[in-house]
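Think of it as A, B, C and D in the order they're written, each chain with its own count starting at 1.
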Amino acid sequence: MQKLKVSIIGSTGYAGKELVKILIHHKEVELVHLVSSSCAGKNMAEIFPDFLNKLDKKLVSYNLDIVSQDSDMVFTALPHTVSMEITPALLEKGVKVVDLSADYRIKDSAVYQEWYKKELNQMSKELLLEAVYGLPEIYLDKIKNASLVANPGCYPTSVILGIAPLLKYHFVEPDGIIIDSKSGTSGAGRKLSSSLQFAECNENFKAYNIIKHNHIPEIEQELSSIYFNENNHKQKQQETEIKVSFTPHLLPINRGILSTCYLDLRGSKKEEEVLEIYQKYYQKAPFVRIFNPPNFPEIKFVTGTNYCDIGFGIDKRVGKIKVISVIDNLLKGAAGQAVQNMNIMSGFPETCGLV
Amino acid sequence: MQKLKVSIIGSTGYAGKELVKILIHHKEVELVHLVSSSCAGKNMAEIFPDFLNKLDKKLVSYNLDIVSQDSDMVFTALPHTVSMEITPALLEKGVKVVDLSADYRIKDSAVYQEWYKKELNQMSKELLLEAVYGLPEIYLDKIKNASLVANPGCYPTSVILGIAPLLKYHFVEPDGIIIDSKSGTSGAGRKLSSSLQFAECNENFKAYNIIKHNHIPEIEQELSSIYFNENNHKQKQQETEIKVSFTPHLLPINRGILSTCYLDLRGSKKEEEVLEIYQKYYQKAPFVRIFNPPNFPEIKFVTGTNYCDIGFGIDKRVGKIKVISVIDNLLKGAAGQAVQNMNIMSGFPETCGLV
Amino acid sequence: MQKLKVSIIGSTGYAGKELVKILIHHKEVELVHLVSSSCAGKNMAEIFPDFLNKLDKKLVSYNLDIVSQDSDMVFTALPHTVSMEITPALLEKGVKVVDLSADYRIKDSAVYQEWYKKELNQMSKELLLEAVYGLPEIYLDKIKNASLVANPGCYPTSVILGIAPLLKYHFVEPDGIIIDSKSGTSGAGRKLSSSLQFAECNENFKAYNIIKHNHIPEIEQELSSIYFNENNHKQKQQETEIKVSFTPHLLPINRGILSTCYLDLRGSKKEEEVLEIYQKYYQKAPFVRIFNPPNFPEIKFVTGTNYCDIGFGIDKRVGKIKVISVIDNLLKGAAGQAVQNMNIMSGFPETCGLV
Amino acid sequence: MQKLKVSIIGSTGYAGKELVKILIHHKEVELVHLVSSSCAGKNMAEIFPDFLNKLDKKLVSYNLDIVSQDSDMVFTALPHTVSMEITPALLEKGVKVVDLSADYRIKDSAVYQEWYKKELNQMSKELLLEAVYGLPEIYLDKIKNASLVANPGCYPTSVILGIAPLLKYHFVEPDGIIIDSKSGTSGAGRKLSSSLQFAECNENFKAYNIIKHNHIPEIEQELSSIYFNENNHKQKQQETEIKVSFTPHLLPINRGILSTCYLDLRGSKKEEEVLEIYQKYYQKAPFVRIFNPPNFPEIKFVTGTNYCDIGFGIDKRVGKIKVISVIDNLLKGAAGQAVQNMNIMSGFPETCGLV
């Protein structure tokens, strides 16, 4: 059987590198072009010696015609606002795209502009109608038929998966949700930054983007959609939308996100009832693992995997439920989820290459 | 002038060791007895070679008569429920005590029993009336005249200092307070534990004691007292008390706590107004540093110091205020604060030996 | 085709756990019994939640009859001197054994006794004649036909692979070899130790067992054998043997060994000549990667893999060659190499399950 | 008594920052100008919030006239080859200088040029005659009267102090010395570097500058001088000089150096004899601590201090002595030693401000 021909644009960022690592062992995939603007001409193993003996492939500059002609599917692992310059033309050429940037995640382009401080170009605005938010545990059927999948952000993946069942079944109030998230440093990408130098991060811990982080609109859009049971993302009146309080923190570790979520429980639900809705909601989700109370996941349980592990507990004293959700930010939070989406779009088993 | 004669019981735990480190440079203090049940007979520098050339002193077994006769003040750096066996007799002998355990922090002995799963002995129950909660920024005057100071827990110190002004001036609702705290591993003490082995903590992050942590009653007692403006800790009716949702997490660093607190802001307060009450509340507090918005503290700013650094920001979208507070858990969260209390009890400058 | 039935004795140590992780994805293997004396009766995923959804298998107590009847091959991942109590009986029952302890690595039982401070039992002494030292890059043919493979130590693997070609081709003096090795903490195993608590290792670095480490006789035995071109390990006169100066150090990382080796170069060899003998020596070794000067490997290049990466440079000023060799101590230094040996003993492709 | 007026040029590098931290508590010193080309105009506490409440001082641009007029002593904490542009003029103005760069450490300007790839300017060449190598344990008397002290490099400090007594008393062969050093990342300074980003260093370990590191000539110059008992640094014939094999490595910690040194012992010296010469050599050195065999120092024993801790052991099997020496690279390896030199030059107690 013929393999799926895949190219990656942005192959030397952290997410791009993880994509390459996964795909060289994916039995249904042939890696065609590895595009890197900064390292074109060099071999992947020159940049990352861990690829020695595993992959002998030169990085190339981007050429739309060549990439689109040779590829069935393209992963765009580019910074926000860069992807929108490239993605529309690829789709026009008939290539399917999984976009790891934020450019097609926000259904309301005005909201995108408000949080990302840049306007989407016209073609990209039109693409919002057909782009599918690539969270397979929620949008499995839509992803199957999608040409453009907007791969979710790392924080949103951990948060939405963590509390979706509670909102879906209206076990909690939609107001007053608090999300306290902690991420390893690879979440910030490979670009140089003084605040990411070893001696700055090590033996340190801090919050950042404390009042405004651009993953907030993505989280709110999806939580609102789940709670209000919308079948399609139409523009809603502001007053009906869920708003969350979200604070990201920087952990002195390489990989992993842990999100601690606090919600107001409705009525006097018991832990068994909560467990039941989680198990029901995720019964067909191969990458979500629900922990039985009083057990909770730790980051190391998912490091290097595509799992999202979820635990919860009811704090009766204050009438709240606490949910703890962990992922590997580079896998379920980026490259792993992107391959999961590719598998679904291509009719491969959802877990292919990921376990 | 004669120096204050000081002994330490529990000299080889993390807090005890920090006490020794501070006191060997404290110009008003003469270290008399270093008590350690596990290491009696050995020199401090045999256990901790960093004391070589700095301190030539043998650790001794505990003897009430010798310790009380030779000491003006004793630090008890012992586990919960061990201190209560030792402290009453020391006080009876006329020695002042700064107790670093939890045994004298909770004014209501029934609450202590509920959370610590052990009953206070009768003498200790009686001591609760005279024990002063040793948070100098709040109880300065009481500490001056105290014979027994209950040195606060590390998490409570970071939390209470972080949000006291908001509660004092009723800028926030007393309900629905969320506290998400993260601590370095030294907070767990020096006792062996498989969950504290390097390969378990490193490259990992987790929450623990997620529903019940025994620092909660201490936090709630003090926040309630501040909000309801009580002059003395009398037993209150349960319905009037503040209850918080508190989650501690374990950071892969040696020292430091960062607490992220979420509170509902009353009315439409501006950041300048908030800044003003913080500055007013802490105007005489030499170890509290308030950050001007939009700046926030990081753990490394306070590592190795007795400072508590506090930053805040208003999240208008959801009507909440976020407060971030950092301390070194072994200093402002334990030994540093204990010496600060000793200074106040002894009429020394509050910062002596601590800057 | 029928799968190889494999059991593991000592499944919950670090090496045992890695064996399980590898073998659940090994397409030629059926995992039969997971033996653990300390955790019998529990499910593997209860001890290590990272196995959730991956492996549903109970740990069992050791029973010779059951294990030997049900297994074609057994991995003994036990402490030194424990393995010798179990291994002879397994072999007698016709089961092949890969032993991860040190018990069958040292050909001269008097040397074993001197360094390990315990005498081998009689049956084990006899087994020394048939035990094969399981370094596939050197003993490939012997391993193919072995019933008992003594899986090499982690430090010896990094050192022997690092400098074998230099000794084989007599490019260096056999005297005065210095080996300065650094290992992550998982090398010390999962047993509780105060020196392995997070707050002791983190932000620290130290040498240990500085004058005598029990990996020395293993290193010297193999280097001597290579240099003196022995076909079999006969007892040699002491004066002809290679002796090395070896110092292990403890790195504040979870996994990985880097060995820096210093040898006196004979004659005026050039780097190209050295490169040539390394490439020749390892031309059929799928897990050794030789770096072209002036490149050198780092630990992270091999973390999570079964590779041994080697780089070298000639320091003309002093007539020495420096060799740097890195492995993942739990894979090429333990479980990965054990599976590599199993593959060779069973006629599977050498890399099966390992890439 | 009037305080010594001190300025620092290069106040925001890691060494400069440590100088400020030490000097604000030094009772004999008044900090006059904090020069920083990159941050002039900002307050020190804006750059480093840990100085809040401790130091309220603006950083300024460099002005020779102002600095030299207002200062008795200047620390130049500048990169190699930058210091030589500034130091001669300061000395001409009558200011004493402790230079933390390498520019005045190498007595033979041709050697400097060979290793640093830049020529010293003429005035600096002339200054080599009067510059004193600032290792107080060896050059105490010269430092007392020096106007220009060349503060030693971090690696050389650990190495020279570690093995000086062995060379001085000819207990070892001068040939074949191997030095394997490991340093925390702060040794590389505050400049941005992709190889120093957290995700590159963390969970990693590597050697660097493996064949040529520019601390080698400094180490060899001093070891030769000690061994050949030279009173002054005259140019020697190459064949009589000590040459070492030196390899630096990068540890995933913030601070600290550990050097493992291997030397050939002459005759059949016993450990007590070695201990005796170490104790004799360092009897007046307040910052050197010799460990009794079989004890060895660890990096954490000296973190945050100006100590150099030294341990040794004789490996009779191979006739070698192993010496392990640890320092805090930013203190005894830079700022602490610089203040120690200042104390000596100014007639203050050698330990003032450093314990």
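Basically, a contact is a pair of C-beta atoms (placed from the backbone, for glycine too) under 8 Å apart; a residue touches a chain by one contact, two chains touch by 3 or more.
Please read all numbers here as calculations on a predicted model, not as lab measurements.
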Equivalent interface positions on chain A and chain C, same or different at half: same
Greatest separation from chain B - chain, by CA centre: C
Cα-centroid distance, chain B relative to chain C, in whole angstrom: 48
Centre distance in Å when chain A and chain B are each reduced to the mean of their C-alpha atoms: 40
Touching two or more other chains - residue numbers and ranges from chain D: 200, 202-203, 252-254, 297-298, 300
Contact footprint of chain C on chain A as seen in their complex: 25, 49-50, 52-54, 203, 286, 289, 291, 295, 297-298, 300-302, 304-305, 307, 309, 355
Complex contact set, residues of chain B against chain C: 14, 184-186, 190, 192-194, 196-203, 252-254
Parts of chain C lying in touch with chain D, wherever the complex brings them together: 176, 178, 180, 182, 200, 202-207, 210-211, 243-245, 247, 249, 251-256, 258, 260, 262, 294, 296-300, 303, 313-315, 317-318, 320, 322, 324
